[in-house]
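Letters A, B, C, D and E mark the chains as written, and numbering starts fresh at 1 in each.
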Amino acid sequence: MGLLQEIIFGLVTGSYIAIAAIGFTLIYGIVNMINFAYGEYISIGAFIGFLAANTLPGPLPVAVVVAMIGGGVVSIILARGFFTPINHTGPVPMLLTSIGLGIVLRNGLRLAGGRSARYFETETSTFQFDAIPDLPVGPVDLLGDFFVTSEQLVVVGSAVAVFASIHLLLTRTDVGIAMRAMGDDESLARVRGIDTQLIRDSVWVLAGVLAGLAGVLMAVQTNVSADTGFSHILQILSAAILGGAGSPYGAILGAYVIGLVLAVSTAFLPSSMTGLSSAVAFVILIAVLLVKPSGIAGTEVREA
Amino acid sequence: MSVLDRLPSGRGDRALIAGLVCLLLGALFAVTPLRAQLPSALYVFVEVGILFVIYGILVLGLDLQYGHTGLVNFGHVVFFAVGAYATAMLTAQDTFAGIGLGYPWPLGLAVGVIAAAILGAAVSLTSIRLRGDFLAIVTLATAEIFHSIFVNFENIFGGNVGILGVPRPIASLVSDSDTRLVATLLVLGGVTLVTLAVVTRLTDAPYGRVLRAIRADELVTRSVGKSTITYKTQAFVYGAALAGLAGGLFALYNGAVAPGFFTIQVTVTVWIGMLLGGAANHRAVLAGLSIIMGLRLISRFALNVTPVSGDVFASIRLIVVGLILVTVIRYRPAGIWGDPQELGVDQ
Amino acid sequence: MSLLSAEGLVKEFGGLRAIDGLSVSIEDGELVGVMGPNGAGKSTFFNCVSGVISPDGGTVSLKGSDVTGDSPESLAHRGLVRTFQNTRELETMTVRDNVRLAAPDQPGERTLPALLRSGSMQEREGTVRERADELIEMFELDHLADEYSSNLSGGQRKLLELARTLMLDPDVLMLDEPFAGVNPTLTREIADHVRDLNEDGMTVVIIEHELETLTELVDRLIVLQQGQLLVEGDPEMVLKDERVIEAYLGGDAK
Amino acid sequence: MSLLDVVDLDAGYGDLQVLSGVDLHVDDGEYVTIVGPNGAGKSTVMKTIVGIATCLGGSVEYQGTDISGLSPEEVVRERIGYVPQTDNVFPTLTVEENLRLGAYVLDEMPTDRKRDVYNRFPALAGRTDEDAGSLSGGQQQMLAMGCALMLDPDVLLLDEPSAGLAPDLVDDMFDRIDEINEAGTTILMVEQNAKEALRRCDRGYVLANGENRYEDDGDSLLNDEDVRREFLGG
Amino acid sequence: IGFGGDEESGDGGDGSGSDGSDSDGGDSGDDAPDTIVFGQPGALSGSFDFLQPGVSQAADAAVRHINEAGGPLGAELELVRRDTAVDPQEARTVATQLVENDNAAAIVGLFSSEINPLWDYLQDLRTPIVTPWPGSTFLDTRGGDKGTPSDVSDDEWVWRTVVGDTVHTGGSAVYALEEGFETLGIINGNTEGERSYVDGFLSVYEQNGGTVAERVEVELGSSSYQSALSRLFDADFDAFLVSMPQESAITALSDWSDGGYGRQPILSDTLAQQAVIDQVGSDLHGAWVASPGRSGPSYDTFNDIYNEEGDAEINGWTPPSWDSVQITALAIERAGSTDPEAIQKNLGPVSRGEGTTVSTFAEGKEALANGEEITYRGAATPTDFTEHGNVFGSVTISTAESGGFVETTEVAAEDVREYVAEGKY
């Protein structure tokens, strides 16, 4: 199959990561902490979506909305219980707390939800595009036949919708600008009259909503279990940081870089080395950072 | 003379003496017919104690890197792993899979330290100029890359089985298990104490002041004429070499290495230990590590007194460990013995 | 041959030419003031010369050797140090350690002497202590010596920064607005001190907007505008220059 | 009763007490300056009024009600504007966005005032979409002032507004402050450019060691021998 | 190296002996303990935890059944289960704790990824480990009593009641060739179990003329396997072998079905699960699995008792778990002692040879009481330990149909045995 198909696969994988990475990076940039429990937020979103899909009437999108709302609610409750009280202490204690919280949530989910994975009942249709001309360059075919599934379209579509909404939110609304301002300098933000607690709460809710969405999408493609989100946290973290600290645009770029590298390296590595595809993704990640030390979308800050 | 007594000496030296005494005692048990007696109920504590002193070397290296210099190393386990694999591959005899060269163990241990140091140098050469969180991701990525390599290149690294048949110098000298455990604990504990003495000397000296200055503001440190790249590289390489030493000792103690021993879990454990105790304070990070490892072990015994089944207990135990961690940080955000102002943590 | 000189210096940020073909030279033992409107490129000039950023064009030479693009630390070794306009303290260290750190030639900053607690290290550490305490006292920070520097007020930070810089005993001292935010009485004292240093042979370059102090203090003034040299020369002459009045002092200059 | 009354104020950071028994008051429409050596606690007075530093005793009353327990965001809603001494712009936000946040508590964006700010500080007008962090020190100071003006506050607290400004702009800045004051805004200002500040203000305070030292109208302070010697550098 | 027990019991005598559980009795058959403990390290968390419920339930059912029959040596059998999270480091702690603190007489658990790197340590522990988990080829020539039950000096202390990968994958390979699949594509996870499965399969498959067109290794837990599949299906082959754990396999097979790649899947033994068919859907019809573990002579007996215990789904390791408890209890009964060496010496004799065939502990206890020799015939396999402590069993081929997996054929143990060299397993 051609490169085109691989790129499609890469875009899909990137989209899953991107949605979650935005949520992760918002917390990173604005609340100023690395939230290692974010994978569990995703798992919780998946569980809520799963419960909704099996108890509520109505199609899957209803469950998605419920998962997003639920994710937001859970996120704010956890933030209030665990992170808000130690907000003033700075990033390191918060990071450690998130590790502890992650352990608690993951095992809590295991305890409540049991060990075996559950699955969403979904129908997928596949659209085959045949008779696309080949465009060979060396051993690589740039075009060639390809297919997309309805699920993939939904995932990419959701990602694009999320990007657009986040962009508008952060640049066009007072709340969004206030969020970014808080990431810069919290005490100045307060002096400007920004209710920082409210803004922080909104960031937590937003991050939870995105985790809910990412959770259901990932779960539909894979399964619902205590590890649904945890197994992706490294990719999410990498995408977010690769993009440039706290920049949602960077996170999106980072996510697609990782998604594409995963797909393309699986396709083109020598046979005995296909298991290395994520290692390759990490190598590329390091390479990118060496070329652009401020991250993909990072700007160099004035030093003196 | 007046200068001398104003220097914060003593601290490291007591550790040095204690370490040497431990090594001596350990050697005594190992080479003389002297025998120790150990109630078997304590075995598991000594086992975990041995692991603790090995991880102790790891956490001291990490504290040099992060606690003092501010280098965020999220892939510490990779240096541990490289040290262990290098030692194992050099010394193993008829390993089931992968390479085993059968050289004597002191050579293996030395190569383990050097290999980890070289990897540390390679990582720092490429990445130490990067901003803090990017270094974090590079180290994390390096650890993942090496994990994949160990797993995937079966002919060299033995795949998931790892390298077996590594010599166990202490076990081969002592045949009865009580003495063997005690001797191992003493010898490895001695190495950890000596390490503690060494890093304490380093960080109590003006050397440590430069490291802490880099942590505070690199540009300022450069502006007063310190080559921060050199110091960051050194701190990183020293930390990596210590991890390599820990890895080599681990291989020689366990008799085998496998990817399962070198998961991200190790990195998480030493980070928790360091932050829980209080970064930038060597004794505190060791104490923090002992708390988290002790907690994990002690909590295992609670199964006997809880009414729940083993299955449910497994989850509850981890939940409790997590909650304790969260609670401690809530009330001691800079770690139990950490200095909040030095760490820039608001209480 | 001048001690420090910049030739055709250029620095761009995006489309903006912050330094635009600037040539300046400073003689050994001079006390030079740099002024100019906000955004004229003064700090950027300092940044280029002190190695904090590397220029896009032109050369910088110090004591006759080309140091263009050299790192701040190597410039510090060659005897050039600077302060920052927005003060930068090592906030997680005490005032005393801030100053001590800056001492040059400390054997204890190398691994082996540190590990062995060598005699030379201990000896040097003793002199470093004494010198640091002297400086701390001189800037009236002695009551704060063991405080973390994050607890200092805005002006105290300026003083600490100065103390830290002097610890290096530099040949060329570059001060970026050392008096902004410093109380007038102290400003005088610092100015006096700077003059003393200069008389003892230290070359000093000061960026400052506080004209009264500056003109009294310096031998020569350099005025920048839009990254270029506008005027340079004797302070009194410069202040009477039409272009300077126009660009910098505003119509109603004294 | 004055507009702003600081009565026997003890304040500081955490457990550390910096101010002890500071008294000062600002009447409606007045222009008051605080001068004093570095570390005297001038900024701390400001920070206590806006609720950043901790009030340990005494009170801060605004229009007769105690505001010492309020959070900064609540204080701003009382239309008390504040320009901090350092770190007074958001470096990763654009100039335009910084100004927008200056008017955050207002229901509507005061576009005419924004135009006004750009007219006043042309250096900013050309760089509306650039990150504030890339501005020069003086430009950042202008932006910070601009942000405070966006609020059109009843009381404006200024912590060293002229620091780092070029002389033409210093004069300009003081002129502008005069104008703002004349338009009815009450001003409380901290300045190291003490002569200029005292010359222009209605009344001044000298603070040292966290305590009141002198209080008088500006010119009298300026001419007071002790004050000159101790604080104004002769 | 013959050190340990004897030396110490000589000088110790106060229960501080290091190597075992003999503090509550042991050597002498006459003062039998009140309770006997088996330790079960398990995957209560971590990867593979989804297989644990079946394994736990089987062990619990076995314990209950044994106690109902009066218990070994008349003592109450107790099972202490502790979590290793499939992490070798934790496994080491757990094994120590089980033996030294819980006084377990034997261990009835441990995975290959725990056993292999802890091999030396486990030998030093000198406690019989009878585990239902590991398929690893590493154990093909390691473990067991080396055919000399009475001489423990040459013993290795690990036994497994589950068929090694070498054997049952062989059955699968034989069947694939019989079906006419001459070339294969392979997609497998990069963990020990998955690889070892494929390696075992290939050794028989290629020996007998099969060829592999393409093999793709993948990481587990990915959100998509499309790239790997598209690579695989660029090659030409008759059928493809999927060796992945259940969750990843479902993702991969759903991707396969979505992508419309076609061709016949052959699944690894872990995948004979209802969920796989439910999730992948009708495209999977015709796919088959060769699984060990359900073909023992007393499978039905086991099945009845098991179902009384609970409703955890049976997987390939469930019946072996039952067997491991049963046979260890029988070894104690025959030994008349809970001394580890005594148990180790009796594991061979109760499993091999021509004694009275028994299918449960109850039958065995009775037969032993009558002075007969016994031979345990298990639920998973006949449990006829080889010299290396391994078992052979027939391989069941189940084919996916709309309702679930239906057993279609069986490859007899003898047929499989042909492919394994004498003494190499």
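Rule of thumb we're sticking to: contacts are C-beta pairs under 8 Å (C-beta built on N, C-alpha and C of every residue); 3 or more make two chains touch, one makes a residue touch a chain.
According to UniProt, the chain labels map to these proteins: A = Branched-chain amino acid ABC transporter permease; B = ABC transporter; C, D = ABC transporter ATP-binding protein.
Keep in mind that what you see is a predicted model, and the values were worked out from it rather than measured.
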| item | value |
| --- | --- |
| Count of contact steps on the shortest path from chain C to chain D | 1 |
| Pair joined by the larger number of C-beta contacts - A-E, A-D | A-E |
| Most distant chain from chain B by Cα centroid | D |
| Far-end chain from chain A, centres as C-alpha averages | C |
| Separation of mean Cα positions, chain D and chain B [Å, integer] | 52 |
| Distance between chain centroids, defined by C-alpha means - chain B, chain C (Å) | 43 |
| Where chain C and chain E are represented by their mean Cα positions, the distance between them in whole Å | 74 |
| Residue list for chain C, restricted to those that touch at least two other chains | 43, 52, 84-86, 88 |
| Contacts with 2+ other chains: residues of chain A | 107, 110, 272, 275, 278, 303-304 |
| Where chain E touches two or more other chains at once, by residue number | 45, 52-53, 190, 217, 219 |
| Sites on chain A touched by chain D in the complex | 174, 177-178, 180-181, 183-185, 187-196, 299, 301-302 |
| Of chain C, residues touching chain B in the complex | 50, 52, 71-74, 76-77, 81-82, 84, 88-93, 97, 100-102, 104, 106, 108-111, 113-115, 117, 121-123, 125-126, 128-129, 148, 150, 164-165, 167-168 |
| Contact set on chain A toward chain E in their complex | 1, 5-6, 9-10, 12-13, 16, 107, 110, 115-117, 119, 124, 126, 128, 147, 149, 151, 218, 221-223, 225, 227, 231-232, 262-264, 266-267, 271-272, 274-275, 277-278 |
| In the complex with chain A, residue positions of chain D that touch it | 50-52, 71-73, 76-77, 82, 84, 87-93, 97, 100-102, 104-105, 131, 133-134, 147, 151 |
| Touching residues (chain side chain B, partner chain A) in the complex | 126-127, 129-131, 133-134, 136-138, 140-142, 144-145, 148-149, 151-152, 219, 268, 271-272, 275-276, 279, 312, 315-316, 318-319, 321-326, 329-330, 333-334, 343-347 |
